[in-house]
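As structure tokens, here come the structures.
You will see two complexes here that share subunit A, one where it goes with subunit B and one where it goes with subunit C.
The block that comes next holds the complex of A and B.
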């Protein structure tokens, strides 16, 4: 059985569960898959399945709590044989992700990304002298012994994150799943790169310097905040939206 | 097939190149126990690390200098092997490179024509190579040089010798600083040009390559990479900032040979 996992832990500033409900609807609609929410709060919003997990609030970003730890629990919590973990701010507009089920072995993730309206941004590294990060925004896995080791390794990296911050010369000690999966994936592959673990297209980010207007179900206008005369129209393209307020405003009905 | 690696190493007042060469031999035998390796030097005391220790056939031609590069051309005559790969002393061999022979054996001379950074990626930084680009010469790295004994290789090394011996005249027709020194890389590049780039390089064989730890090749802040990068070395692997080193490792910082010695002796 295939399905999607969404992690959502509300903060005073962002209603992540609400965002998850929007994404869950899109999962049902575009991917035709069931969706499980992993959260620590009660909700009346509609999900196919809700599982409860105590949050680890020991992570901070921009001096605010950032509840993104504990994603390694996905392996044990997932009720599915084949799982997609999606960030709740990933906006589905197509069924493209279902193609991954046809070619991946047991684990697959984005290794490259691009920012809409900012095509020249370089691939992000963990640190100046380290390797490129992976993007845990979209993550496919099957329940295999190898993937179990991977998630165990992510747990180990999370628990020893300060060491990895030093080792890779990371610019911030804020825990990121992107980095944890990048490190664990390397360790699991003998510190080498295994390109078979990568989704063969870019993850598309829409950053905080752009504003998105929804024109219709899968049509969007992406506008540069600093110069509103510059915009691009996109259709049927999935994207990762970094501006949470814009996300909620756009889909609030 | 009588094949083997050779290293030319002569100690100077400041650098113990023979110790570097010994550690190179140790690392090579660690990953390729059956490989032959010989030392060519002016100091011909027996060393347990080498199959042969061979005197420079024409002696030290740079007795009063810290730069011993002018002796390099003697490698052709000195090598005890029909098929030879010359390596630079301050290198470490982290992986088996025995397959190189299969690719190289059909050729007369092959000089490495690419280098890599510690991430194992081919480096495209030209910072150290102005002389090459200004004179439109092939970008070769003599630190890894293959040759098969025969007329072609003999001629090639004759040209290397002539270039060293006539450097002052050569400089007058080259685009370079008036005080440009004859380095083995410059002289090999000129020889490659004279004998044909197509006869002396094998660009598609890009595994015939080394990791070069000079500062700008690796985008480092300081010249000594051991001050800036984290490394782990043991008999099973050498990793720099977690990257396993998959090619011959030209550590450049000469006292790194002591770190190798700590692990291997």
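The block that comes next holds the complex of A and C.
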């Protein structure tokens, strides 16, 4: 059985569970898959399945708690044989992700990304002299021994994150799943790259300096905040939206 | 030089090039397909290579850098079908974009 996992831990500033409910609806409609929410909040919002997990609030971003630790639990918690983990701010507008089920071996993530309104931004590295990060925004996995080892390795990286921050010369000691999966995946591949673990197209980000207006179910107007006369119209394309307030405002009904 | 005209032209080009970039991001990903145990991109290079070969079987490096022995005609037909479908959609959207400007 295939399905999608969403992690959502509310903060005083962001209602991640609400964002997850919006994404869950899109999962049901575009991917035709069931969706499981992993959270520590009681909710009346509609999900196919809800599992409870105690949050680890020991991570900070911009002086605020950032509840993104513990994603390694996905392997044990997932009720599915084949799972997609999606960040709740990933906006589905097509069934494109279902294509990945046809060709991945047992684990697959994005290794490249692009910013829609800033096409010249370079690929992000873990640190100045390290390798490119992976993007845990969209992550496919099957329950195999090798993948179990990978998630155990992510846990090990999380628990020893300061060491990896030093080792890779990371710019910040804020824990990021992107970096943890990048490190764990490298370790598991003999400290080398294996392209078969990569989704073979770019993850498309819409950054915080960009404002998005929803025009219809899958049509959007993407506008540069710094100059509102600069915009493009997009349709039927999935994207990762970094501006959480804009996300909630856009889908609030 | 009229700076206002230059700024206006720059903005128009910015919008146009950004939209072109978006269309490329959207449609090139759709050129990717799995067949005969390999992962392929139905682009002009793959099609040219497949059409130029003479033997029934062919060894090609797939997107994951694995050498795969393929039935040339079957892969060519599949790649051509994907290519036509995606490029037709890409062309239609590109024409819409061009006509808007």
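Quick note on the criterion: the second predicted complex is superposed on the first by the 253 of 253 C-alpha atoms of A that agree within 3 Å, B and C clash if a C-alpha of one lies under 4 Å from a C-alpha of the other, contacts with A are read in each partner's own complex, and residues count from 1 in each chain.
Everything that follows uses one rule, which is that contacts are C-beta pairs under 8 Å (C-beta built on N, C-alpha and C of every residue); 3 or more make two chains touch, one makes a residue touch a chain.
Predicted, not measured: the structure shown is a model, and the values here were computed from it.
On the shared subunit subunit A, the superposed partners subunit B and subunit C are arranged side by side without overlap. In the superposed model, A:225 makes contact with neither subunit B nor subunit C. After overlaying the two complexes on the shared chain, residue contacts for A:146 are found with neither subunit B nor subunit C.
The larger set of touched subunit A residues comes from C, when the choice is between subunit B and subunit C. Within the superposed three-chain model, A:209 lies out of touch with both subunit B and subunit C [touch as defined at top]. Using the contact criterion defined above for the overlaid structures, shared-chain residue A:119 touches subunit C, although it does not reach subunit B.
In the superposition on chain A, contact is made by A:131 with subunit B only, not with subunit C.
Looking at the shared chain after the overlay, A:46 reaches neither subunit B nor subunit C. When the two complexes are overlaid on their common chain A, residue A:201 makes contact with subunit C while staying clear of subunit B. Of the two partner chains, subunit C is the only one touched by A:96; subunit B is not.
With chain A used as the common frame, the shortest Cα distance separating subunit B from subunit C works out to 16 Å. Interface residues of subunit C facing subunit A in the complex, by the touch rule stated above, are 11, 14-15, 18-19, 21-22, 25-26, 28-30, 32, 34, 39, 41, 63-66. In the complex of the two chains, the subunit B residues touching subunit A come out as 119, 218-220, 228-230, 239, 241-244. Residues 128-131, 167-169, 186, 190-192 of subunit A touch subunit B in their complex. Against subunit C, in their complex, subunit A makes its touches with residues 96, 99, 102-103, 114, 116-117, 119, 194-196, 200-202, 204, 227, 229-234, 236-237.
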